[in-house]
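Comments concern the structure below.
In this document, chain identifiers A, B, C, D, E, F and G correspond to the written order of the chains, with residue numbering beginning at 1 in each.
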Amino acid sequence: MNSIILRAGTRYLAGLLLIFSIYMLLRGHNEPGGGFIGGLVGSTAFVLYAVACGVKEARRTLKVEPQSLAMAGLGIALLAGLFAALFGDPLFTGQWLFIGATETEKGLPLSTVLVFDIGVYLVVFGSILTLVFAMEEEI
Amino acid sequence: MNSLLVNLMFAAAWAALFGAFTTLTLVSGFILGFGVLWLLQPLTGGSSTYFLRVWYWLKLIAMFHYELVVSSLSVLWDIFTPNHRARPAIIDMPLDVKTDAGILLVTNLISLTPGTLSLDVSEDRTTLKVHAMFAEDPEAVCRALKEGMEKWVIDAVEGT
Amino acid sequence: MSAAADVGTAGRNSLLAGIGPVLLSAGLFAFFLTLLPVVENGGSVRVAANWLPSLGIALSFLVDGLSLTFALLISGIGALVFLYSNTYLAGHKQYGRFAFFLTAFMLGMLGLVLADNVIALFVFWEITTITSYLLIGFGHEGEKSRRSALQALFVTGAGALALLAGLILLGNVVGSFELSVILSQGAVIKGHPLYLPILILVLAGALTKSAQFPFHFWLPNAMAAPTPVSAFLHSATMVKAGIYLMARLHPAFSGTDAWLWTLTILGAITAVLASILALRQTDLKQALAYTTLMALGTLTLFLGQESGYAMTAFATFLVVHSLYKAALFLVVGCVDHRTGTREAEVLGGLAKAMPLTAFAAALSAMSMAGFPPFLGFIGKELKYAGALAVASEPVLVAGAVLAANALMFAVAGVVAFRPFWQKGGEMPRVPREAPWPMLAGPVLLAILGAVFGIYPDLLERALVAPTVASLLGAPAEAEELKLWAGVNLPLILSIATVVIGLLLYIFHRGLRNGLARVDAKVPALDAWWDHFLAGLKAFAAWQTRLIQPGILRRYMFVTFAVIFAGLAGTMVLRAVPITAVDFSDVGWRNVALVLLIVAGAIITTVTSSRIAAMAALGVVGIGVAMIFIVFGAPDVAITQLLVETLVVVLFAVALLRLPALNIEGEKHWRPVDAVLACLVGAAVTLTLLAVLALPLDRRLTDYFEATSWPEAFGRNIVNVILVDFRALDTFGEIAVVVIAALAAYALLRTTASDKEPAE
Amino acid sequence: MEALIAIAIGVLVAAAVYLMLARNVLRFILGLVLISNAANLIIFTGGRLTEGAPPLIPEGAEGPGGIVGNALPQALVLTAIVIGFGLFAFALVLVFRAYTTLGTLNSDQMRIAEPVEAKRQ
Amino acid sequence: MSWLLTVPLALPFLTAVAAFLLRTRPAGRWISVAGNAALLIAAAALMRQVLADGIVVGQMGSWPAPFGITLVADFLSAVMVVITAITGLAVAVYALSDIDATLERLGYHALFNVLLGGVIGAFLTGDLFNLYVWFEVMLIASFGLLVLGGRRQQIDGGIKYVALNLVSTILFLSGVGLLYGMTGTLNMADLARTVPEVENQGLLSVVAVMFMIAFGVKAAVFPLFFWLPAAYHTPAFSVSAVFAGLLTKVGVYALIRMFSLVFTHDTELTHQILLWVAVLTMVTGVLGAAAQNDIRKILSFHIVSQIGYMLLGLALFTPLAISGAVFYLVHHIIVKANLFLIAGIAGRLAGSTDLARIGGLYKSAPLLAILFFVPAFSLAGFPPLSGFWAKYVLVAASLELAAWIVAAAALLVGLLTIYSMTKIWAEGFWKAHPSGMEPALSRLAVRDQWRLLLPVAALAALTLVVGFFPEPFFAFAEEAADQLLDPSAYVTAVLGEPA
Amino acid sequence: MIEILAGLCILLGGVFSVAAGIGIVRLPDVFIRMHAATKVGTLASGLILAGAALHFLDAAIVFKITLAVLFLLLTAPIGAHMIGRAALRIGIKPWGVKEEDAVPAQEIRPDG
Amino acid sequence: MTPASFLDLSVSAGFVMVLLTVALAVYRLARGPSLPDRVVALDLMTVAIVAFCGLAAIRTGDAAFLDVALALALIGFLATVALARYAERQLLRRKTDEEQ
């Protein structure tokens, strides 16, 4: 798309969208957001990139094939679920680690649930880009 | 942009002091940091353009809002009155801004203020096609845009 | 038809395929011989193994007179046929398969006659069906072979299915599938309301297998099989499976009018009709095939009866026929093999070139014609005695038997006398005597026929009496087998047979031509088979066109019609009350949202602009998102809006290469579709309203609300459900997403060269 | 309030069915989007509607405190929306590919897998 | 214990991910084979546990039922998982030769293994919405596999397949929404407990019929089976084999599960409908097959016809009938998948699957002929092959209930099945090849011969084993039927003793 | 007091919003309608969001709203530019622009 | 009238006006006539929902709806861009088709 305005705008918007998507991902457990929404927003960053600058450039910037990213996301999500096996719990039993937990404060939570959500993010992100890139390249 | 970075670091440090990265701490930290930087300007050797730039930005924002409100009313008028008062024209406005950010800002601001709408920038980035609603005199509109929006933007973004 | 296709070349068969089956069947024969004394003394042997005990199905075997008679015939003739085949088909490329199928057949047949469990019996029954199919289709590259094989399979297969139903019902009535139990429950069976259905079903199986009128047409066609197969399956053994079954069930089923008249009438018609048709043939094998039918008809006819005479006649004729018919088939095979033809009009004067063959032919033919001192004579005498013993209609039955026997006499002359001792035409090959393996069978069988004729008590003690005992369910009521029983009515009938038979033989050419003229005018059942198949295909094609027309629109219409009918029909049938709609709590804002959705839906539906449709879809999506917002679902709303955006993005790309919405020829307004659409919509709304009128049990949500933070450490309950409480759903869902993307990618990325293959 | 949504769902379904019965498979896709929305609304409404508060637990509280929207159907709908998007995307690509490969969007003319000739045999 | 349930579910997805990430290398395909072999072991382990302990239950995420998602393996589920694994392994090996590098690069192995994962998920889940999700997983993977390769036929068939299946999916989803709205639960055992308490039982029947239609489309019953004959003959051979074996059976499974566990409140209506649908499905399917002249089209219509048999077992709803349905399911999957695999070999050797254009296989490829003969005549219900027992039990069950017309239909359809199988046999195998070619197996590389014939032979051997030694299988089916007809054990295993 | 301020913002925003709506219905061509939709609409949303910010008066929320408004201000003109450019290129004649002023539709070049 | 009730009233009025805007946009969307006209309408609708979210946030007192607004503000224009680009390319395709 040979629009200078759009390309200029994309330069900022794409970054914004990516940051926003990660924000949505990380806060999802406590406020609206999460892996789906994060992934959707994140993918729009590259969709916009592809629209403004062409798929070739978007692919180059992304470096990884989006479908591999999506599949890897699926694997990460599953591994997050399988992690519970190490503790003898059933599949998808959340395993939590509270960094710096005290009597009163829970500390910074790290959990398989978050890892799962990251997997979701990657799947949505990668899948949508797979679709959109492939369609764009058809035209 | 070095100074901006330092300023942000100040803000972060300030917030860390409070033990909480809230909007309040960060914003107050930023303002505080700005003040400190300005005070220490000779010491740090930072260029004075940083402070000037901030001033231009503030001016840009203020002028933009003023324009926004004033020209909105004229569009409203046209919407609510039975006759169309508009005298539209498409104006080719020569562009002086060069950077992407500058072009984006100029076109966006032109679009956001009622009465004018950026349609397209030519491939060689030299002309901006603007649709003006009230262009009895296209030349005048063009001049107003160049001396208003574009100049403010050049000041704020591309500096001197 | 020429035999060239189904005879061997100069080569040899492997030892395993060639001699193995001979040894196996001979060994089995020897084994069964050792059982003779037991049976002779009125005993029986039963062995059983579990097979499917949950259903009462066992691999149980019973050796009594009837089954041992059959077993000896099967294994004995089997050994001879295998010996014969190994030469007949020497060096044939597919001899291995042939020997395998034939062995499998023989074992199946043995299983059939020895089985004590009727379901096991049925299993073996079907093994013979399928092996018969494979053997008839031996000359598989010939259209005719394939047709005949299918016909045989279809007719006997159809009968078998009826039989299966009959046997299951029988088992249900008796409470066991064991014949030893069933046969002791004759009174229960005959008194049961299901007796008649069971009888019909079982007879349907037996009569088709034994090619009784009106199912007889498949057997002559089955002669497409190589001659040894015809000798073994289609004369000596398999076609007698139906006879065996009727005989087996005789103690439990006989004695009713239904039994008597069905068997008598069908047997008589088959016997007479087959004899007439036999005379009409010029192909020796075909002629023999029809005489087989005649014999089977006669056997059926006797099984209808209950008298000792009839049973003895049955048992004797069973053995007689197997011996001479197998011999004659093998003889015809020798002739065919050596001369290259089986045409009665061509063959002649073979006695000189093939003396041993002629010898076997002569002995067998005389047995068949019923000359003394052959077993055939005794058989015939007994037949008359048995016929006359028929209580109700002795004249009719005896008349039928007489007619059949006379015709048989004539056919014996045509088949076994003319080709050897009268002049014929030019044969394809100069005749030579057949090699010994091919002669062993016919000669041995023919001699046996004579030996048993001279020493009938040998046969009687060992086989006939025990068989009759099995048939009557009580021991030793068999009539004595005698060559000379004095001057009585049967003897007079025998003489009449010879006289009429002789006359028929003398005038057989004229008769044949006359019959041929009549036959041409009579609609042949065989032709009906083709009509039946064509009809089946046409009907199948018609129904398939009707329900699978290949047009998506129709599929869709039916699917939605079914949905409507299912929902509305159940509502009516189950009188689901129409809920009073309460709009009191409806705020104007929500009305506006709903109107927005409705407007979007309507625009999407009516517009012919693709962009308008797409934008209107956007409106619907936005409206739905706003409903999610109003009712407290921000996560869902965000997702909905994001997805909506992506839908538009994808659409906008795809539409670039897609044509307009309106298709030429399609009416802009489709009233029928519209009616269905409204009905489906209304049904959904009514169902939903009824559901909403019920109270909701919120305990799942209550649990999530209570545990989300304390146990799952999340404040966004929706997200906690997604990634923790129901993470498995989410996992499946992302799998859908990733696979959708992969699938779409693959669809778009198929290389151009694959796109337009030569279809 | 649910009654009103139920009626909206009925309209959506009717519109979708009408579109899905058309010859043009692109219309089918439009119908698919509509009917997916209808199904999502059925689940959402099936969980009953609560105006206002989303199912979030405020800081410092153990539970949502007060009546909030039914979280479970929301989660289900969210799942269904994403699944629906996957299916839609594939269906759209398929229709796209059908046009580039078969040269038509008219399903009446899509007779390669089930050709007309075969039926006459 | 829950891991016995989880591993068979997780393995296909792990395999899919690994195979996909290595899709450009030969390792990818071997991962698929290894993954499926492991799956078979896992499935066998699950089966062992089920045989030992009865119903195995796992609460995912450690959340108690009915709040979390429960995986359940009773006899029916366990055997379906095992059969899925067997089919999966057979097809994975077959695909080594059948699927070329292009399709592999496009993600064949990922699609295939995810399909299996979806199928296994559907068999193991004890949650209705989760069942919907697995249906979707399976469906989308099947979409991809169906059109993979993108030939005109595939696209055409794909359109119909996709369109009709999407309608069913949405109906299913709506049904879940409505049932939740009535009962407030999604756990199937919990539904079994709650459903009798619903005030409006008539409405429950409406929703039950809705599910029946939704699953009916998936199971390809009359008059909703359009999508199946429209599409099954179009994809790669290994794909149509796995479709033929598994996809419709998931629909049948769902019908059996829902209409024995949840919707038993109104059998007079629901099971009566099922009965007539079953009969019509059997008859129309087999007649449809009689009208076809392509091996895969014939086999496709026979799937429909045989779905009718399985449904019949459910509709009659007696212990014998249900055990017949279970036995039929197991038999059918093995045999039908195998026949499609063989059709593939026949097609490769003789150049087509159109009967008018092939022949000579009996003469030139006797091994293939034997391997075809076994499943084909098993399908036709000849004893002592597995199909005979399957048919036998259902006929016996019909006769037991004096359902004469049903029994007659079942038998008649058996006859017409013979007709179709012999048509393939006569035209494809017996008849000489019309162009005189000799379609011998030696036309394939030795490596390909192994890869194609080994799975076919293994499945044929299995058919023989089931046929010759039916007792353990049938006894198993009987126990499965007992569990299905008396769901209290299932419910208690999932939810514990009622309060 | 703050409530009244918020209410006024909202009312004003509402008026602007309706104005934008009427604008795109009433105004004579797509270019002029865009004037209404893009900026009056953005202004309306901005005002209503400002009302919300005043209502909550919580730093995090104000920050969030500011961000939302900034996003709108950044994206809306870009969208408008794309539409306007498309309208121009597909040859829609601007209403009321005298022929000699009108710019001919630009040469269409394939996308880079 | 208390300030609170004034705010409440304003919010109600805001809802009316925003929805009215959406309705007007729908009208333009249905009418067209040109593609850009419809896109403009859709664009306006997106902006209106941002406002709607703001109102919903005030009405429920829950800031969660502002997240919807935030997301939409950032993403909404993507549809506009896609459609506008479609319009341009459509023309381009038609021209190249004619040339061929």
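We take it that a contact is a pair of C-beta atoms (placed from the backbone, for glycine too) under 8 Å apart; a residue touches a chain by one contact, two chains touch by 3 or more.
Since this is a predicted model, take the numbers as computed values, not measurements.
**Q** Could you tell me which chains make contact with subunit E and subunit F both?
**A** A
**Q** Which chains lie in contact with each of subunit C and subunit G?
**A** Chains in contact with subunit C as well as subunit G: A, D.
**Q** Indicate, using Cα centroids, the chain positioned nearest the centre of all protein chains shown.
**A** E
**Q** Of the pairs F-G and A-E, which shows more C-beta pairs in contact?
**A** F-G
**Q** Measuring from the mean C-alpha position of subunit B to the mean C-alpha position of subunit G, what distance in angstrom results?
**A** Each chain's C-alpha centroid was found; their separation is 25 Å.
**Q** CA centre of subunit B versus CA centre of subunit D: separation in Å?
**A** About 43 Å separates the centre of subunit B from that of subunit D.
**Q** Hey, how far is the Cα centre of subunit B from the one of subunit E, in Å?
**A** Using C-alpha averages as centres, the distance is 65 Å.
**Q** Report the inter-centroid distance (CA atoms only) between subunit A and subunit G in whole Å.
**A** Chain centroid spacing, subunit A to subunit G, equals 26 Å.
**Q** Send over the residues of subunit G in touch with two or more other chains.
**A** 16, 22-23, 35, 39, 41, 60, 62, 64-65, 67-68, 70-71, 74-76, 78, 81-83, 85, 89-90
**Q** Pull out every residue in subunit B that's touching 2 or more other chains.
**A** As it turns out, subunit B has residues touching two or more other chains at 107-108, 118, 120.
**Q** So which bits of subunit E are touching at least two other chains?
**A** In subunit E, the residues touching two or more other chains are 13, 20, 60-61, 107, 110, 129, 133, 136, 140, 143-144, 147, 150, 152-153, 159-160, 163, 167, 174, 178, 181, 229-230, 291-292.
**Q** Which of the chains are touching one another, listed as pairs?
**A** Applying the touch rule to all chain pairs gives A-B, A-C, A-D, A-E, A-F, A-G, B-F, C-D, C-E, C-G, D-E, D-G, F-G.
**Q** What part of subunit D is in contact with subunit E in the complex they form?
**A** Counting only subunit D, the residues touching subunit E are 20, 25, 28, 32, 35-36, 38-39, 42-48, 72-73, 76, 79-80, 83, 86-87, 90-91, 94-95, 97-98, 101-102, 107, 110-114, 118-119, 121.
**Q** Using the touch definition up top, name the residues of subunit A that touch subunit F in the complex.
**A** Contact set of subunit A toward subunit F: 1-3, 5-6, 9, 12-13, 16, 54.
**Q** So in the complex, which bits of subunit F are touching subunit B?
**A** It comes out as residues 16, 19, 22-23, 26-28, 31-32, 34-36, 38-40, 42-43, 59-60, 62-63, 73-74, 76-78, 80-81, 84-85, 88, 94-98, 101-103, 106.
**Q** Within the complex, which stretch of subunit C touches subunit E?
**A** Answer in residue numbers: 50-55, 94, 97, 119, 122-123, 126-127, 129-130, 133, 137, 140-141, 146, 149-150, 153-154, 157-158, 161-162, 164-165, 168-169, 172, 536-537, 539-541, 543-544, 547-548, 550, 552, 555-556, 558-560, 562-563, 566-567, 569-571, 573-577, 684, 687-688, 690-694, 696-700, 703-704, 707, 724-729, 731-733, 735-736, 739-740, 742-747, 749-751, 754-757, 759.
**Q** Quick check on the complex: what are the subunit A residues that touch subunit C?
**A** So the residues of subunit A touching subunit C come out as 28-37, 40-41, 43-44, 47, 51, 66-67, 70-71, 73-74, 77-78, 81, 91-92, 94, 96, 106, 109, 111, 113, 116-117, 119-120, 123-124, 126-128, 130-132, 134-139.
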